[in-house]
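Each of the next two complexes has chain A plus one more chain, namely chain B in the first and chain C in the second.
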Partner chain A sequence: MSLFSLRSYNPVVKVLAPVPAMVVSIGSRDLLTPAIFAAVALVMLLAFGRLSGRPLLGVLLGPIALVAVMTVSFGVWTDPAKVDDTSALFTLGPFTLWSGALETGLATGLRVTSVMLLALLAGLTTDGPDLVRSMITHLRMPYRIGYAGFAAIRFVPRFRSDLEVIRLAHRVRGVDGGRGVVPAGRRWAGYAVPLLAGAIRHGDRVSLAMEARGFGAHRTRTERRQVPLRARDAVLAAWLISLCYLVPYLSGVIR
Partner chain B sequence: MRALLSLDGISVRHEIHDVGWGPARPRQVTAALHAGEVVLLLGPSGCGKSTLTLTVNGLIPQVIGSHMDGTVTVGGHDTRTTPVPRLAAEVAMVFQDPDAQIVTGTVLDEVCFGPENLLRPASDVISMAEQALRQVGLWDRRHDAPEHLSGGGRQRLAIACALALRTPVLVLDEPTANLDPAGVDEVFRTLREVTAGRDRAVLLVEHNLDAAIDLVDRVIVLDADGRVVLDGPARSTLADNADKLVELGVWLPAAALAALRLRTAGIVLDPLPLTPRELAAALDATPALPAPLQRASRAPVSQTAISVRGLSVLRGPAKVLDIADLDIGAGEFVAVVGSNGAGKTTLAQALAGVITARRGAVTVDGLDPATADPRLLAERVGFVFQNPEHQFITSRVDDELAYGLRVRGVPAEEIEARVGELLDRLGLRELSAVHPFLLSGGQKRRLSVGTALVTRPRVLVLDEPTFGQDRERAAELLTLLDALHADGTTVVVVSHDMTLVAEHATRVVVLGGGRVIADGPPEEIYADAELLATADLRPPPIAQAVRALTHHPGWHGLTRLADLPAVETSS
Partner chain C sequence: MKRLTTRFLMACAAIGAATGVLLLPANFVAAAISAAVPLVYAAMVGIWLIGPVVALAVLRRPGAALLTMLIAGIINIPTPAGPSAIITNLMVGVAMELGFLLTLYRIWKPWLFYVTALVFETFYAISAYTFFNIDDMTPAVQGVFFVLMGVSAIVFTWLGLVIAGRLEATGVARGITPGRRPVAPPAL
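== the complex of A and B ==
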């Protein structure tokens, strides 16, 4: 696959290499550092993420919405005592909006957004099973844990439909108890028994079937799909780690 | 010739809650399977058939907590000491529930899973998977997600997964119990091809003898205590011991049951026919046959129990149900049939008010489920879900029955009287203090019917009540339904089980694509070959046999055992 597609890079590298950058971004106290991190991650996603449809829309609009919401809400909720040395933008009755509060909100919003975008470098360009395969190969994670995770994910839709039927069944029996937190809690407790009984039995059967098919016969298993670890992954890791020095330096220069 | 699988004095005891070790089921089983054999394991329910299959690859005693005596040797390995996953190279298993065997996200990955576990080189893995998938006819769908296959398709996938391991022994435990008729056909067609080479030993547990009989070479029969009572060539063992097998509680092929019934009327078919075709041939060879029994004509339906006018149900943009007009009379026993996705469960749920339809679309015993008080509705119509456990609310059998009355504020004495009466009727008196989840499958099913009956509804609707159960448990339930029907209850059953439909229903409603495509008595429905093909239905074995008769046209309309001439032994 193309060198210019993030999808062609090793999943473990994509998950782990942005972590130092996230730490630096969270630890920053200015506006520029997280903003540059966010911008770099956004550009990488747009240029090399091969996104389309809903993920693309989310990447374009999500950060803007997040920053806006956090700026406003922090602006309103920040303790005025901490920011009353900054300029007051306007006053509405007892409430005064301080520029310092908005700035705190903006910085927080930018930090959260930058971490989110750095995480999406892996999140939007990686196939779950490939990540597990790569973790088994490159992080020496025991394959039993990885495959237990696969199996667990496959349970989810089954539980959802089971729960739906159980709710119908209990309603038919006349379980109602009225509105409110306590009756609702009692109703859900009633769903838990059949749901768990079904889940445990299903889990048991799946694990028997897996063992019967040789799962756990050897310390390793054949992986047909090798997830490679290549020079390009080293370059990606080096780039992301170098950002930890470059970005704060750059923001210092600009300021 | 060395046996591929030998069982030597196998007894297994399971731990019983609060009691200790239960009785040995199976008990002292000794048998050997050789290459090329297809062996059917038979026995009444609870005799330990499934348990025995689990000893073959060491799941018992290594994984499932139980006490096993005796030795199982497979491919020279003792199953007690060789780890279960290692035995996957010797024995492959196919279980009852196709959904509980799927681990990965695509058909191809699924088949590769086993050989990968056994550390076969990647190139071998692919070629093994390809061969197995081609054998079951799923190679073209290798990139699909397993959940997009039909039930029969998923079970064929499970068979492919077993084949890909290229083991000398293949064990199948009730592989068709969870499938609709089309799925059963699919799986047996596949099994017939897979076993045609006679290159491995196959052990099969299957209650659908009509489908299995022409596939197997040998039968091993266990009695209710789990002992081997018969072991020999399939056809002669079944044909020569038919009476003994009936006595043991083993279900025979429908053709054999028909022949046994005819024998009481003085018509002796020898040798005993085992398939519809053999039954037809034997009957045609009989010069004269008495006229079939006339059904007791039912009193014409005078009252309407359920009426449907313009009922449509949408799921997303798709119309899953669209029924213009349907009336069900009081006292009818109606079977709702059709292929998967035809809307059967949706219709049943709408009739009983489990899902709400448009106001005025459904009237049940004078009430509109869309507007009626749910508690009042439950006194008119009871609904039994496919999985009994889903309905259980309390922690004792008697509380479970009483629940429906307590929420209605029925006086305590009356609750006690009604619950007591039901416990006796359902045969659950001794278990009244037991937790519903600790009952056996058949008992759970009876209790779930009981919870719907306790409010004495005049209409009872059941969704696939015999799904996943063996013949014996199904028969038990149907005896109960017949008794209710005889007392005047209107019964509506959604079912794939064509024998159930033919033997018990007074009327069959066939759904296709959410619409009623046929509606009539069973004998009329089963006579319409074109309809059967469209709706993906299989006529019951008796109907298949009599339709093939050339010399006795008077018998063509028969659909059930009860129509056959016989000297009624019971009152």
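== the complex of A and C ==
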């Protein structure tokens, strides 16, 4: 696949390499550092993510909405005693909104958004089974644990049909409890136990079937589909880690 | 590796998949709520504890919480938390495991679940301080933030233990835990 598509990069690298940048971004207290992190991640996603449809819309609108909402909400929660040397924007009864409070809220919003965008670098361009394969090959995770992960991914659609069966069974037997929030909560709690019990039973059967076919007999296992670890992954990792130094430096220079 | 039977692994996969499905909307809701009303977020963080509590209470084996949360994290890749959900979930799994590791996996009483959950939630609240800028909030709000996190940890641990008790009563986990007899269903 193309060098310019994030999808062609190694999943484990995409998951782990942004972590130092996230830590730096969380630890920052100014406005510029998280803003630059968020901008870099956004540009990378838009340019190399090959997004379309709802994910693209979410990436474009989500961060703006998140920053806007957090600026206001965290601004409201900020301790007025710490920011009352800044200018007051408006007063509503006993409550005064200070510009310093809004600034604190904006910084929080930018921090959270930057971490989310850095996580989405992998989140929107990776599929689960490939990540598991790569964890087995490159993180040396025991393959039996990896296969538990594959099985779990397969369990999810099964849950949906199981849930429907349980729901119908409860309705046939008249387990209703009435309308409203509390009965609805009780009803959902009533689905949890049969759903889990069914899932564990299914797991038992799957494990028997797997062992009958010799699963786990050998120390290693070959894979039909290989997830490569290439030079481009080293470049991506180096770039993301160098951001930890570049971005705080850059924000210092601009300020 | 020898002690991880395939049956145990698949039971973890089942509980992990269920936890993952539960956390899918929780991740979206948490992203939205933590943005608008951080205090409500503090009240819902306990949801992350249900999975490891159920896994440990039903399977009673070392590594149950860790494996379950790893698998729940894999299920959660397509959420706003992205694959960092794996890291978050592993953190919760390791934390719940620690209390039992310290007692060498010999004590499985409810109090140990509550103590472990509370200790973890305290540490988490402190680490969430920088992330959400909580030290800039009024002292009253800070206090409520801590109390809500503690209450949420206790409530969801209790819920996990109730579900685990009822699951045990169905007998599905018989034989996964060595040397344990089925118990009478708990009254609710």
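In this text, the second predicted complex is superposed on the first by the 235 of 255 C-alpha atoms of A that agree within 3 Å, B and C clash if a C-alpha of one lies under 4 Å from a C-alpha of the other, contacts with A are read in each partner's own complex, and residues count from 1 in each chain.
Here is the rule we use: contacts are C-beta pairs under 8 Å (C-beta built on N, C-alpha and C of every residue); 3 or more make two chains touch, one makes a residue touch a chain.
Not measured: the values here are computed from a predicted model.
Once chain A of one complex is fitted onto chain A of the other, the partner contacts of A:Ala197 extend to both chain B and chain C. Residue contacts after overlaying the shared chain place A:His218 against chain B, while chain C stays out of touching range. In the superposition on chain A, A:Ser73 contacts chain C only, with no contact to chain B. When both complexes are overlaid on chain A, the residue A:Val206 reaches chain B and chain C alike. Of the two partner chains, chain B is the only one touched by A:Ile166; chain C is not. In the superposition on chain A, A:Ala151 contacts both chain B and chain C. With both complexes placed on chain A, chain A has more residues touched by C than by the other of chain B and chain C.
Of the two partner chains placed by superposition, only chain B is touched by A:Gly174; chain C is not.
Chain A residues 147, 151, 193, 197, 202, 206, 208, 210-211, 215-216 lie at the interface with chain B in one structure and with chain C in the other. The part of chain A that touches chain B in the complex is made up of residues 129, 147, 150-151, 154, 157-158, 162, 165-166, 168-176, 190, 193-194, 197-198, 202, 205-206, 208-218, 220-224.
Of all residues in chain B, only 54, 57, 59, 63-64, 83-86, 88-89, 91-93, 95, 97, 99-105, 112-122, 125-126, 147, 161, 165, 349, 352-355, 374-375, 378, 383, 385, 387, 389-393, 403-404, 407-408, 437, 451 touch chain A in the complex they form. Looking at the complex, you find that chain C touches chain A at residues 1, 4-7, 9-18, 20-21, 31, 34-39, 54, 58, 67, 70-71, 74-75, 77-84, 86-87, 130-133, 136-139, 141, 163, 166-167, 170, 172-173.
Taken in their complex, chain A has these residues touching chain C: 11, 14-15, 19, 22, 26-27, 62, 66, 69-70, 73-74, 77-82, 104, 107-109, 111-112, 115-116, 119-124, 126-128, 131-132, 142, 144-145, 147-149, 151-153, 155-156, 159, 189, 192-193, 195-197, 199-204, 206-208, 210-211, 215-216.
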